[in-house]
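Letters are used for the chains, namely A, B, C and D, taken in the order the chains are written, and counting of residues starts over at 1 for each.
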């Protein structure tokens, strides 16, 4: 089924070599009008050059969109995810996964605004990100035309790509000539490194792949102690200073960086079916995970906490696989958010050479502070003898079983 | 309903003051013949004094049982639990919980052997351990009489207990005169501290409560790197040296201790309904959790891994709550064990000032090493274009929803 | 620990012999002021006699509360539960369980209003209802004094109870002299029968235990076809006629009754650890379960539906066990309710001699009507070739496994 | 990526028009040697004609495989699935899904035996079966070449297909000239009907689509009562007569058929993302589901039963989606099978005009028969007062919550 050529395409544009090639390819292959969208998600790069490069590649000024999405990213995506103590495969804090739905959402908004009939991303054909971008696009705009150049074009090699770039006067910085020893994705939550020098999971990740943290060994010999204030499940202040979501995460990142916190070397299972190895650095997120658990430990009832723990692996897989905009992710979010109404208070955290340790928690909503001592004065005091009945009835079915099945022990 | 007095009681006897008082109380209260059972679970105490004390308290030699259960403990309880990457409430490695069923089991075996009609433990009426002991007893011997002195006797105070001890010539060491600043439970997997100085969760745990680890700050400035060899989900060698289960865990404990690994300061939810705060030290277990996940990361398929992650919280709660000998724990174990047939290989782990980092994994069963590269030569090579269909069909239901529900983004 | 006598007690009072005895016992045992609470939950009994009897037993008029709770019962308890397609142990529609929290709630409200310090129910010590009532009381009023006469008093036999009744001039109808062949609980959702003639699960339940339905054999030879209209997951009209929640369920009960619909003969597992056998009749509820599934089948996305199915068993257990007023039940409800926004439309149902068959479903929100045909005209048509990629990537991990593990088939 | 032509192909061949066309197309398109595989799975068709037709189409006798797989089908696929009380989306007994892995397995075995490099099936590109067949192939033989003609060939219409058939002397029976009003799949477990006359889910399924059952209305006016004997979770005898798995299911099918049992009209969610409507008839399976639940109700402990109920939806989805040969399905099976060791005994079932009612259950392993009465004689009798402690400790966390959160009721 051959599709008609797209007329106007919103491209997720970083300003880098690869998306510049894609930009040019969209123009030459489809003769399409290209709209560039460059987002600041806290990846730590200047956006101004992206604008300049887009202009040089012939993009009309009204077709260049540059947005600072950092606050929205942290407030509406990162924080809701952290309410669930989310980790994928027991360990990964989903730093890449959680950024994708926001990019998709904004691209679709721009497409509507400028009347584009297609969107385009620069993710490769072997990774998870193509899935995440495209599930986002389709969930929000079901008939949008999606262009995934890495799956479509005919370039057979890096060489061919560079030839194309040269032919179209796309500047190629020296270090892009050869193949990079690893590739990086970054945003305000994390940076990830993968490929080449990391390909053998038996070999330790070299120090130089790390972007966001110093090593525990290089971190100071004295601990840093901070307090984090929570309101309804979200952090709102550090050491008593109220901060916006993005400012707070930025500060935690710095603290984590300085104390060697948040490195993870992981072999994970991609949605598309293969295993891959990555090095993740999530300094602020690693602190938030520990602190949020600490806050919940005194403010959340056991029933709510255990239910959350049971739901979390599925919730994590949904985000990892790109199903942020799905009814089931929203249902789980509704349950999780319902549990966070009283998760407020202050957590004290010690950072030291890679360790994040909760050393204190306080809350006006504490279920611990309302000590059982208070029960002992009233008619309803905790009665040690209650435990006997509790045990006897919990044991009843096991005893009936044992009578039927005979000696086991 | 008043029950007939027990005639012969198997007491879980540590040799300490409290269980000595219980021993004497059983004799005076019930005029019962007491059989003492003292187990070496790796708690780090000499067992010889327990024998001596029992003799002094009038126990007949044939009624004194002293068993070294360390190998059974690690092989049949600790290792199976670690196959599931088990943590309770996201963090606790269940060091106390997992020891209880073994004690219950051995007590019941002895009761059968000596013809006792009752068993007795020294756990208090506000904790989890009473539940764990007694569910174990009842599951194995449904009509056994269970005596829980702390819930039964009339001593109103520590003072009254000590008076009773003095009256019966039970020696009281000086430090037991006053109330202890915290209480400790220990076995080969962990030590736990709780009570008094730890009661306020807002206050940092003092250094002196720690038993099994030096602090990260006190640990050496250079990392220790070890390899752990796995066979079918269980560790079998360290640095190439084959070790029995208990010997292996003992060695990991030493390594963890020396590198400040395995401390946890936690507010948790007890089965009996209240929150409590404990400090746990699980040096070897903390290393095993990381190493096992590392081993699984290259040998376990995604489907198996995700199912395990979904089942784990329930499995952890069952162990925490004392349901080791229950059909549902056994069903989960059957599923977990089924997954471990190929979890063999070697993991390299770096220990450094509290950090446990997997830095390499190798396996003859690797699902990573059988690189997708191998596919590229045959007719079944990974085709980038497959991803399009994969995404399109995963997106289909979301697109239908979006058509129905209108603009969302 | 002996508790002080209660001064003023709100009793869940049916007007029957047993709760009349309890009423008198509260007066004589505790010299307590008794407040009677009699609720119309659709059990099918007149409430006027209860008032009269209470007066005769010396209850002050201002202490007699008689409430028609039928609408609240169906709207706030039954309907929310049916949104989840709730069945306990695969079959039981929870007719008794779901009524208990409402009774608890209203009793506590009255206790607050009249300044009572205690509440009392007539459930026995071997059943689930004591748990459900009391968990409700405690969850709403944590320091309330709870009186459970069946667990407290000293009557050793039915005889002794009747003697007490006679002594206190409580009228005993003839049929209460002997022991009943079975006991019944009923409300607008269902009736349950258990005990004596039903005690042997090998023996068929006799026809005479049934209260709410004629047998399939006795039902008409021609089917009855009705339509049920749903709005956001709840039924709102039958055959186009809008009805209040209680009126709608009443009508469905009649329809079910007449067509022999809704009988269940079940051996179930009680929360307190034993198995019991009951006969349940839930005529309207059985129709609602089928109809709601039918409505969801065209309006609910797969992701939402499967998540609901996975959550349901836990949700059912929570209600069965008495945890309606718990954070985890509320979290699950939040997730479930979130899914019901578009579950609106009309379901056609055929009732015939015990069978309930959905024979048609229509909805403005149908995800089926928005046929994939509509896709075929656009650029995004369903492409058969997409299936290949979908399959290939779903198969990828299985192929890698097969390469590792060798021949299996 | 153009693949080399397959040389020898094992085709799942029914002998019908469509697979005959496929056979010929494989010969003409690829010049491939075709091996036909025709299985008797109880679909109710003679296999002899298939052999004859294959010979006529030029297949060598040694390339024609005709296998009676009925016993293997029921024993190794149907029964294990029924141990889990498996229903997809609350209702569907998975009759089609469960047959696919066996066909895949046998096809791969034949491919190995004859040295074929490819397998081929006749499932279309919009359904679930293509996924199920191919996931099975790949899981067992990862490098096998899979041919799915409906996704590959260029026939644009039914007309074109028939032209091809005529051109190649494939006989076309008259009724195949026009388009069928619905399509059917059948095996020993069920028959399914879908398409055309069933496409509008608002319209009742016509009587003539049913294959395996008479309607409840047409069934006899008197009930049929049977007993089914279970051993370790599987049915082994009817009315005391021991029967092989396939013979037993055949008999249950007849009984179900005669009593109008087992019809289901369902809108379901396909794995590939769309909703479809089908009419399923599973007479024997419907009886087995009820009977197995009845057997479990007295022989299975609550913990095991509830865990099974929680795992079932995932297990059902795995089978529906084609993941029979996956580690996670096998893990779940291990857990399920572990629970069935004592699920033995006899269930009495009444069949009447569409109803299947369990009216009696007996077992030497009953957990109900070992009545709690037996406890009352020993020291461990059920003590009503135990319930108080049980409730108090279950309520504890709810009370602490209520104290914190203030009035709710």
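As a convention for this text, a residue touches a chain if its C-beta (ideal position, glycine included) is under 8 Å from a C-beta of that chain, and two chains touch if they have at least 3 such contacts.
The chain list, named the UniProt way, goes like this: A, B, C, D = Argininosuccinate synthase.
Predicted model, so just to flag it, every value in this text is computed and none were measured.
Enquirer: Going by the stated contact rule, which chains contact chain A and chain B alike?
Expert: C, D
Enquirer: Give me the rotation angle that lays the C-alpha atoms of chain A onto its copy chain D, rounded to the nearest 5 degrees.
Expert: Answer in degrees: 180, to the nearest 5.
Enquirer: If you average the CA atoms of chain A and of chain C, how many Å lie between those two points?
Expert: Here chain A and chain C have centroids separated by 42 Å.
Enquirer: Taking the mean of the CA coordinates per chain, how far is chain C from chain D in Å?
Expert: 32
Enquirer: Using the touch definition from the top, which residues of chain A touch two or more other chains?
Expert: In chain A, the residues touching two or more other chains are 142-143, 269, 272-274, 301-303, 306, 314, 323, 326-327, 366-367, 372, 380, 382-383, 385, 387-388, 390, 393-401, 403.
Enquirer: Considering only the defined contacts, which chain B positions touch chain A in the complex?
Expert: Residues 85, 89-91, 104-105, 108-109, 112, 124-126, 130-131, 134-135, 138-143, 148, 150-151, 201-205, 216-217, 221, 223, 263, 265-269, 272-275, 277, 293-294, 297-298, 301-302, 305-306, 309-310, 313-314, 317, 322-323, 325-327, 348, 350, 352-355, 357-362, 366-368, 372, 382, 384-385, 387-388, 390-391, 394-395, 398-403, 407-409.
Enquirer: Which bits of chain B are touching chain C when the two form their complex?
Expert: 301-303, 342, 365-367, 370, 372, 374-375, 380, 382-383, 385-390, 392-394, 396-401, 403-405
Enquirer: Which positions of chain C touch chain A when the two form their complex?
Expert: Listed in rising order, the residues of chain C that touch chain A are 1, 3-4, 142-143, 145, 269, 272-274, 300-301, 303-304, 306-308, 314, 323, 326-328, 330-332, 334-339, 378-381, 383, 385, 393-397, 400.
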